[in-house]
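See the structures that follow.
Across the two complexes that follow, chain A remains constant while its partner is chain B and subsequently chain C.
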Partner chain A sequence: MKDRFASFHPLVNFVYFASILVFSMVFMHPVLQAASLTSAVVYSIMLNGKKAVKFNLLYMLPLLLVAAVLNPVFNHAGVTILFYLKNGNPITLESILYGISAACMYVTVIVWFSCYNAVMTSDKFIYLFGKIMPALSLIFSMVLRFVPRYLAQIKVISNAQKCIGRDVTQGNLLARARNGMTILSIMTTWALENAIETADSMKSRGYGLPGRTSFSLFRFDARDQSVMLVLIGLIALVLFGALMGENTIRFFPSVKWLAVTPRSIAVYIAYFGLCMVPVIINVVEDMKWKRIESRI
Partner chain B sequence: METYRIEDLVFSFPGQERETLSHINLTIASGEFITLCGKSGCGKSTLLRQLKTILTPHGERSGRIYFCGQPIEDMDQRTQASEIGFVLQNPDNQIVTDKVWHELAFGLESLGYDNATIRLRVAEMASFFGIHTWFHKSVTELSGGQKQLLNLASIMAMHPSVLILDEPTSQLDPIAASDFLETVKKINRELGTTIIMTEHRLEDILPLSDRLIVMEAGAIIAQGLPNQVGASLGDKKHPMFLSMPSPMQIQARVSAEPIAPITVKEGRQWLNAFLADKTAAPMPEGKENSKASAPAVIQFKDVWFKYEKNGTDIIKDLSFEVREGQFYCIVGGNGTGKSTTLSLISGLLQPYRGKILIGGKNPAKISAKELFTRNIGFLPQNPQSLFVKKTVELDLHEMLAQTPLSKEEKAEKIRSIVKFAELEHLLAMHPYDLSGGEQQRAALAKVLLLEPRVLLLDEPTKGLDSFFKEKLAVFLQKLNESGVTIVMVSHDVEFCAKYGELCSMFFDGSIITTNETRKFFAGNSFYTTAANRMARHIWTEGVTIEGVIELCLRSK
Partner chain C sequence: MSEKQITGQPLSRRTWLSAVLILVVIPATILLGVFVLEDRKYYFISLLIVFYTMIPFALVFEKRKPQARELIVIAVLAAIAVAGRSAFFMVPQFKPVVAIVIIAGVSFGAEAGFLVGATAGFVSNFFFGQGPWTPWQMFCFGLIGFLAGILFKKGLLKRTKLSLCLFGGLSTFFVYGGIINIGSVMMFSSQFSWEVLLASYVSGFWFDMVHALATVMFLFILARPMLEKLDRIKTKYGLIEPVSAKK
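So, the complex of A and B:
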């Protein structure tokens, strides 16, 4: 399915992912962790479908289990001793809980990154950083243009050399090395020679004049504004919670977190809401569309 | 109003005595469509580059150039960048960014327009050029024709008042080239933009031009309406006349009237009038093909090929044979699998079904040494990819470095090849500094050092002017006479018709029809030479210019 959240302005996408990634790494509170992990998994399945289910079950679940088991084997801090290992080291409840929590955090961040990759395409990234440094965005764009082009040209040269028996796949080891060097040397000559025309084309279109601007297809519209406001509001609430110590948990020497109060429940809800923003947008848009479709 | 006024322009490159441009005087009116032609190296490109100072090469210059009444040196770079659009030869080299929309905006970004203005201009241009359907694509996904159209559009987005094009279609196939020229014509007609263009492919462009300018050795030798210039060149029997459209060449050699038909339509009308009171001469009997019984050197039996497991089939059920000593041409549209077929012959690719036999053996199974020495020679489409050394001479020596010949034998071999390909005066030059035709010859010499019995050529005439084509044809015919089998893939119908012995039409991954060249083109009504299209209602088998001229002269 087509992701609606990805169609928002890159700034909205970026603020969302930056905050979510940082929060998921920093806040170890079990309720927040659960919220973040669930949303990450739901959103990744929404984005990548079957592939995401497979990825989550096949790689993320074992990773989570292994990390959760490995921590208590090596970490023996904590006051609640469950039993002793053969070599005399204790296994503690705290280290098991910490292992699970750390593994959860690790997996959550990886799943979020898989979502990030699907939503933040290279042109969005270039656009955002081009705002800060216009020259940089052009360089990015040129790299994306010339790397595939050079790779294709190496293939052409290699094929041409193959037909006179001079490719890297032909002859003995020494000949292969020599042929490889020759191909690279032709490639360099070719690239420099052709770059002259590229430079002419750039100069002839006024490159180098002062006051260059950076054009993009993105527009920050009302829809982006409202979602941005919601995001900022939720982030502020979560940060307020962090300030009050609601979002953290102490594992060693004993597990301890703040008691659940209406304030903490509000923070939990805000955090869950923040994590679910793309999912909510997708669901709402989907429902809207179905309603419109049924009326046609 | 005038766009350019050039007064007594003389230019020579640093360290060279010879004047590359000598005493050029030219006035170009606003809205004119000007075509500039001449042999390679006659100074066309140098002249065009004088018209935009940022592209002007270093050298001695005298004389004055005025742009809209103002000396061009006094114009600032910003005005020049937007007012004077310049399209270069190679479509790939001119593209700077990775996305179509970004490329369209590149010039406007440089000029410092704000987002809203750029958005409007880009949208306008995309609609005008029909780019909106591939607006969001990566530039790597585009075909050559689309790339060149994109280059044109990205320049037009800056709203230039004059558009200069330096052989813009030389790297395109005929269909893409005529599309491109149509667009240029549309720009000229609908926007009133002045067009100054150099071009080898005069058949398509002369009907559009207001003025044809012919250059030779840095000087303008003729200018005026295309048919007047054509007629005067024909009178003088000037070598440039060979680049003129076929109908013009036929008419000038048959009758002395100064009509000079440019298009096939005009040619036909003239031919009908010419033959009104005559009886058309009968076609001479074609000579029988004597090589049909020679042993086959290349055999394809039900060959299928695809690049990826789930990809589409590029070659479908292809069967054909090339016999020893034949000059075999394969023509057909872009992306039909012609070049892939050559790669299959040379063993670069392997079919997933069917059999390929080269001299009775499977090319994928024999060693590279056996396949490519005294057996198959492959001249790739871009000869630049063959050169490895600093000079042509070193490059030729490198080819023999791994053979067990003595020094004298090598030198002797190279001497004879150099003489054959007429490279004597180019030996000390860097291969990349040669012109297109010279590069082609140097690359051919390199391949010939391996003494191939079968020569595979991929678009050898691409980007060559008619003189170099003629020269290349002479070499190929000499080789063919000495017993080398030639297989050529080409878009150049005229070239194949003139020199080929057998022709095949490639379509949708397979050969549709194969025939002796004359019969082959006689059987096509659209995919055939201009001479044939002009005369086919009288002589279906009149395929080449020479053939039709002879038939006309014999009609009484």
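So, the complex of A and C:
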């Protein structure tokens, strides 16, 4: 399925992911964590399909369990002692809960990053940061381009070497290693020479003059504006909740969080809504499309 | 990080900027962590601090409007490091990135070393997947390149195989391993304790050892030919000093 959220302006995508990643790292309140983890998993499955299910079950679940078990072994704070280890250290309920919570946080962030990798492609990143740091983002885009180019060039060089019997597939082991080194050496020299030529060519075409354009063009239209406003509103609500202490939880010495009030429920809903923005967009667009299709 | 004045103006501005960051912004962040987040979010705070240390480099580099040739040499070295990392993707930790970053630092100076390292760390994760570890890797690679450049300028690091391999092995093991393990402890447990850190060092020992050995090996093979090639390019195209060559 095509992701609709990715078709929004890069700024919208970036603000969404930046706020979600920061919030997921900072807020350890169980309700908020559950909201973030659920939406991360749902969105990652929406983006990557079967691969995401496999990734989540095969890598994230064991990671979660290991991290959850690891904490109580090292952390003995907390008042509710469950039992003692052989070496006399107590295992406490608080440290187990904390371990689960920290593990959840870690896994949530990684799953969010898997979504980030699918949505924030490098051209979007360069589009966003090209204006703030032009030189560095040019380096980023050049490196991204150079890597596949070098791999292709290595093939060219190695084919040429094969004609004179000096490829990595020819000769005994020592000769192969030496041939491999020669190919890399040729590659490096070529890369450096070629780079200087590219630089001179860039310079003669006016690199560094004002009025530079970028490869991908994005327009910040009405659709982006409305989603951006929703994002900002929800972020403000969540931050307000953080200010009121709704989003935090104390683990040590004993577990404690604010009582659930209508205000805290509002904050939970806002946070869940924020996390689900791309999922909601995808579902709504899908429904719209189905309706249009059915009318034909 | 304590920056030393080496090449005059640009570095001194960076020193000033990092002084502000170190003396004002970083303590403010830590205080914010202690009072607002109740001192629980070590990972988040440490992440911010890692970002702060990289800002001066980015700002100074942008400020002085680098020439196309300088940009592209940094890009080529970073791309070689990234390609090297992807070429060895099936062998965990056995990566030539640190070796190339050190060579870049020695050949083109501390700033280029930092930029090659940080860029290689950042861009290679477009291929391997970004994650909470990205800033740590960027910082560690960058720091090693920066150190290589400074030590070479101060004459403590020589262009001999022995000296480079020694520096490479030690810096990979202690700087990279030392910092990355702190990062993974912060990521994993978000509750800092010395025992967990020690456990992480012990469990990461062989990974760091393999990484250090790989760096030594790659430096042993690559250092001389690579430095020769870079020297040739520098004399052929007049890129003797990246700072003085820009005007």
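Keep this in mind: the second predicted complex is superposed on the first by the 232 of 296 C-alpha atoms of A that agree within 3 Å, B and C clash if a C-alpha of one lies under 4 Å from a C-alpha of the other, contacts with A are read in each partner's own complex, and residues count from 1 in each chain.
In the analysis below, a contact is a pair of C-beta atoms (placed from the backbone, for glycine too) under 8 Å apart; a residue touches a chain by one contact, two chains touch by 3 or more.
Treat the numbers as computed from the prediction; the structure is a model and nothing was measured.
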Which superposed partner A:E193 touches (first chain B, second chain C, both, neither): both
Which of chain B and chain C A:A102 touches, first, second, both or neither: second
First (chain B), second (chain C), both or neither touched by A:I157: first
Partner chain in contact with A:G165 - chain B first, chain C second, else both or neither: first
Which superposed partner A:K51 touches (first chain B, second chain C, both, neither): neither
Touching partner for A:K256 - first (chain B), second (chain C), both, neither: neither
Which superposed partner A:K288 touches (first chain B, second chain C, both, neither): neither
Partner chain(s) touched by A:G206 [first = chain B, second = chain C, both, neither]: first
Chain B versus chain C as contact partner of A:S185, first or second or both or neither: both
Chain B/chain C common contact set on chain A: 138, 142, 144, 185, 189, 193, 198, 200, 202-203, 207-208
In the complex with chain B, residue positions of chain A that touch it: 123, 138, 141-142, 144-145, 148-149, 152-153, 156-157, 159-165, 167, 170, 175, 182, 185-186, 189-190, 193-194, 197-198, 200-217
For the chain A and chain C complex, residues of the former touching the latter: 22, 25-26, 28, 67, 70-71, 74-75, 98-99, 102, 105-106, 109-110, 113-114, 116-117, 122, 133-136, 138-140, 142-144, 146-147, 150-151, 181, 185, 188-189, 191-193, 195-196, 198-200, 202-203, 207-208, 248, 250-251
Interface residues, chain B side, partner chain A - complex: 52, 54-55, 77-78, 81-82, 85-86, 88-90, 92-99, 101-102, 105-115, 118-119, 122, 139-140, 151, 154-155, 158, 343, 346, 348, 368-369, 372-373, 376-378, 380, 382, 384-388, 399, 402, 432, 446-447, 450
Interface residues, chain C side, partner chain A - complex: 37-38, 40-41, 43-44, 47, 58, 61-62, 65-69, 71-76, 78-80, 82-83, 86, 115, 119-120, 122-123, 126-127, 129-132, 187-191, 193, 195-196, 199, 221, 225-226, 229-230, 233, 237
